[in-house]
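Look for subunit A in each of the two complexes below; its partner is subunit B in the first and subunit C in the second.
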Partner chain A sequence: MDVKDYRQAYERELTAGSSRAKAAAPASAAAAAPHAAAIDEISRVPQERDQLPTKIPSLIATLRDQNVATPIRQAALRALRAVAFLAELFAPFRAEFLDALRQIAKPDTDQQLRQDALEILSAEKDPYAQDLLKKGLENEQDSLVPAVKALQFLRNDDHGNFVDIARDVFQKAQDVATKVAALRIMATDAKSRGLLEQLLQDKTQPQALRTLSATGLHFLDPQKFAEVAQKIILDKSDFEDIRATALGALANAPDHQHLFHDTAFIDAIKKLGSEGPLQNLHSAVGRFMSKL
Partner chain B sequence: MLEISGVTPLADVVAYVDRLRASPDAGEILVGLLAEQSPIYDGRSTNEAERLRGYVLTSFENIGLPASAMAFVIEELETGLNAYTVAAAAKAVRGIHDPPEHLVPLMLEAIDRIASSDDVVCFEHILPRAGGAATTTALTELFRTFAWLGPRAVAALPALKAMLERNPSTFSPAVAREIEKAIAAVAIGQPSTHHSCCAHNAQPSSFLTSSDIDIGSIALQDQDGELFSFGEFFRGRPSALTFFYTRCMNPNKCSLSITKLGRLQQRTREEGLDARFNVAAITYDPAFDISQRLRIYGANRGLLFDDRTRLLRTMGPFDPVQRYFDLGVNYGSTTVNQHRIDLILLDSCGSPSTRFTRAQWEEKDVLAAMNSLS
Partner chain C sequence: MTVQIEIPGTDPQGRVFLTWAPVRATARWDGASTSGSLDIVLRSAGTGGGLVFNNVRSDQNLPTLNLTLPTDGTKVPFWIAGEFQKPSAAYGDAVVQATANGGGGVVGSKSVMVRIRKNAQTLSGPERDRLLAAVGTLNAQGQGAYRDFREMHTNATTREMHGNVGFLPWHRAYVLDLERALQSIDPSVAVPYWRFDEPAPSLFTRDFIGESDPSGEVVFRPGHALEHWVTDGQPGLTRELDFDVNSPANVISEADTFGLGGSGSAYASFMAMEGDPHGTAHTSFGGPISRIGTAVRDPLFFMLHANVDRLWAKWQWFKHRQNPQDSKAFAPANPNKIGHHLADTMWPWNGITGNTRPPVAPGGPFPPTPVTSAPGPTPKVEDMFDMLGVRGGPPLACAYDDVPFELPPALVAGGGGAGPG
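Showing the complex of A and B:
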């Protein structure tokens, strides 16, 4: 697949996702309608600060209860997430809340509810949730959430040993969003420098992957990034937005001050500023030159 | 004997630990499994490593806690953030024949630390299960240990009563009931007249280094990108050297160590001793901790860099430094999975003479030991 096709596929995917969300919104509103009173009552709980010590346990019980309608359980989870910000008040109920989340992170729970549960548990670096997510990535039949979500959730823990599974998903995935999520995990590993360098220079890769590779390489090895970025910026056959991104990174990061004294590079950048109708690149040139 | 390593499935390691628990000489073998360098942790994630340590620690509740395991229990109570491992340390205390009184303030500190991150724990399985039976929480285990200590923890009575009187309560009703039980058990005692001779903070000790490594030739880079060898920097004046990594998730370990290193530097300046000593730290994670990262990390923690004060990384693998100083650290596939606190004093020849290990070190103790070197 060439770059154009990849980009078009990505755009189609984004559009489809947005349409799905729009279609789903009325459906979920319809499902919630019969429970409006209960949901309304639950949604007021976070404001009733004095009542929280007695209300939080009943919210957790509602969340756990499989016999309660899903929209009500979702409302309970939303309320609990809001209350959790009141750390001191919520602390006595934290263990029970996490236990309830683990209990609902299973296949027969509503898809959104279990995804929310896994998201919260993953933010806590919870090993139970991590194990479920990893199993889902290894075997699609076990997956509780889409691969892109599983990767986004696992990324919360850079001590979690998820680079290997991310690399595996990256190689097999067809959609850019999943590849991006996998690459974000790989970009926390210093051993990924080579791959990031290669992706950044590969003009056939989607822009999202190349931009992320630029960020990742800059994070892991600013010197190597500067070397690669200089080549890309001056390569007229490369995409304008990638060249502009690379130049922007060199202009703004404090690690590359030496380039402001590199007369050959500065002359080349000046020349770029006067060439062709490349608006983004010209703006980046302007920003770079203003730092001199 | 079963060969246990980092690739051994967790279930098999657990079965091995279970078998060890039943053997008469289990204590010291289990203590050996607590060392961070133990091969059972090689390549594991931090979560797995923490849970394995917790599972081993909890063994001591029933088989008795050997003296050599005390430092590990103190370390968890003093710096642990993982509810499972801290709960395991609390259970291990119940295996001590004659609990030292300095455990009481450490247990209270652990309660303060875990109060906002409590979680259900179950020691029948190594991995958490959803809605499982036989679960308690880390706080429950800590208060049960106070109840087990009974009159020996009488010094904690005012703090325990204050916890119960907080309004609104910072404890769940179930935990509050455990506090009540702990108070009832502790209150029957009289204030102790027996004082332990041993402080819990790290005390200087001597050690042997691995002699097959030429530490002096190891290439280092500092926070400004300057390159030199270990010998070039550390030979010529005595040094305080600690270890850290910028991705450490426990603020009571690396971040605090570097902050304290900054305070140590400040004290040497105030006492006019700064020209006599090097103050430095080497990262456990040299591939990730590039110069720029070291500079920002140190500056944010109050280190004032100069030619005697630097944060360093090895230019090659860290392994020779780890082996030479016998550092308590191990690695997952991406970064460190666990480590202890290590601070080493080197004499003016760059040779290690004293170490402060595992428990928190105090600047005054390190300064006193540094003064005795020069």
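Showing the complex of A and C:
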């Protein structure tokens, strides 16, 4: 297309598109409807760069105010999270913002708002929030968020020492999602090496746990992982998906260059490429072979 | 073949990568030396990427070009560019072909790639998989160079790139740095953009950037290149969508972004996009991508920022604001905002640490590419303005699928054919 024609077409597109509304979060759309005007006004704040010094305190006050409807407080929190990306413009209000979040991280606050507050605080490695999350994991009656969320939030602190509590949750939890969240915290702790090796090889374990164990074992002990992975990859009685996962891990990391010179292994991998209708495994074979 | 086509920027493997920016190439007779000349026609003969030609540097290029080659081997210059909206999908699917005029056969050809940043939603399966393989290799399960990119963008370094006028130039350099790192693994890769004001259901899948399970953990297809993603010593990704995957994210539209500050808006108004759609795109999720200090843990970051950069590039094109000295193309930084002034070199590529700069500078100088000399090893803010080189300087060797090469009106009025050789 000629560039002048393209310019004219784009001018028309801009004119037509300028009235398009911002998408609303689907889960909250119905509850937010009665407050549409207030929410719309709040949602414009991130664009109003010059007015932020006055708008941000107002948003924080709205967030704190328990008498304000929850959808409006949620909109205020969304706007504050967005303007937090303006870094230094937001910095003068940061302490007050975090204080407001601590205030709403309580049982009587709307669950989503409470969860959002704890996520942000834990990302700031806020000891108060971390303590609340730990207490909730230790005693379900004290939990402010589901265990899986508490574990995800604690993981935000890569120097936090939450391995012991994660191990405890892992042993007690019944649902896979919580076990996965706990194992993610444990996966790079040296004490978990044996557990990861066992989970990876245990065909009765859920795929999500075996996959995560592959990543963790590879991180902690690449050579051991390679040894286990080769057995799994060539084990036709194991599930295709975990075989693909193991091969994908070998293809991706720089620790396994020696395998690319192991003619017996390479020949075996080539044969896998012609095994039955195994799409994921074939795809992983292709990626591994492309590294040769 | 008796006609040799030479295009500058050829890499050591003999590969050529083009964008929409015209490049001055040459054709020469390489057959037996006889008296006289040979008339040839250049045309695009590939199965994917399209090519256009001209005798002068222009934004009105032609599908074919007649050249007369002296048979003594003298090089004859011409201009070649990717045909706008006909990008390549793989290396070699764009071909410049020379045929002898008057119905003669093919006397020369060269395979190239029109390497363009595309909408992630529209990538073909092979394009997607090459990209992911390169990203996975760069991460190398936490041991690769992705670590440097992660360390560049943290709470401790935020002064260098957020909250001021250098936001857009710094992130343009950052995305380009990553793109060049990916291209060192697979040169056919370009960073796609996540068009966050449109639905992108193909992007948030197990085959692409991952599907979020009900708890927000990102799940990939077994064997996927990002399945063993590790950053900060932690495996995996958390990303919870706060919008329906078949809807746009919670951002203003492209049209509204262009409308920031009104129809005659200058950079000072346009930069409000740092809050919305940029900030709101980040906060359309729960998880690391929703916060400055951890956003780069999620590789979606670079597709999000490619779109932020695309919006700036498109705004620059639409309003002819590629000249950093134009008062509407940029806005002055406060005097104490080191790294945000036009003539400031940007951290970390300048290697400057301490004082007002962060204590370390990960990653080293800006990586070179055979394709262009821009932006150089220690780019300044002002070096990031003219992506396609419309003002005559070297282009950055990247381009978006919906931002064309168009000469500035002043250059057209003054004769666009006088561009650099």
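Keep this in mind: the second predicted complex is superposed on the first by the 259 of 292 C-alpha atoms of A that agree within 3 Å, B and C clash if a C-alpha of one lies under 4 Å from a C-alpha of the other, contacts with A are read in each partner's own complex, and residues count from 1 in each chain.
One rule holds for everything that comes next: a contact is a pair of C-beta atoms (placed from the backbone, for glycine too) under 8 Å apart; a residue touches a chain by one contact, two chains touch by 3 or more.
Note that the structure is a prediction, hence the values are computed from the model and not measured.
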item	value
First, second, both or neither for A:D221, with subunit B first and subunit C second	first
Touched partner set for A:T188, first subunit B, second subunit C, both or neither	both
Touched partner set for A:D116, first subunit B, second subunit C, both or neither	second
Partner chain in contact with A:D99 - subunit B first, subunit C second, else both or neither	first
Which of subunit B and subunit C A:A264 touches, first, second, both or neither	neither
Subunit B versus subunit C as contact partner of A:D164, first or second or both or neither	first
When both partners are placed on the shared chain, which of subunit B and subunit C touches more of subunit A	C
Partner chain in contact with A:L89 - subunit B first, subunit C second, else both or neither	both
First (subunit B), second (subunit C), both or neither touched by A:N280	second
Partner chain(s) touched by A:N252 [first = subunit B, second = subunit C, both, neither]	second
Where subunit A meets both subunit C and subunit B, residue numbers	87-89, 158, 188, 254-255
Residues on subunit C engaged by subunit A in the complex (per definition of touch)	59-60, 84-85, 129, 133, 136-137, 139-144, 158-159, 162-164, 197, 213-217, 219, 221-225, 227-228, 230, 232-236, 238, 242-244, 247-256, 258-260, 271-276, 278-280, 282-283, 286-288, 290-294, 318, 404-406
Residue numbers on subunit A that touch subunit C, as the complex places them	1-3, 6-7, 10, 13-18, 20, 22-26, 43-49, 52, 78, 81-90, 116, 119-120, 123, 146, 148-149, 152, 155-156, 158, 177, 180-181, 184, 187-188, 207-208, 211-212, 214-216, 218-219, 240-242, 244-245, 247-249, 251-255, 280-281, 283-284, 287, 290
Residue numbers on subunit A that touch subunit B, as the complex places them	53, 64, 87-89, 91-96, 98-100, 102-103, 105-106, 125-128, 130-131, 157-161, 163-164, 188-191, 220-222, 254-255
Contact set on subunit B toward subunit A in their complex	43-48, 51, 83, 115-120, 127-131, 135, 137, 139, 168-173, 175, 247, 249, 287-288, 290, 292, 332-337
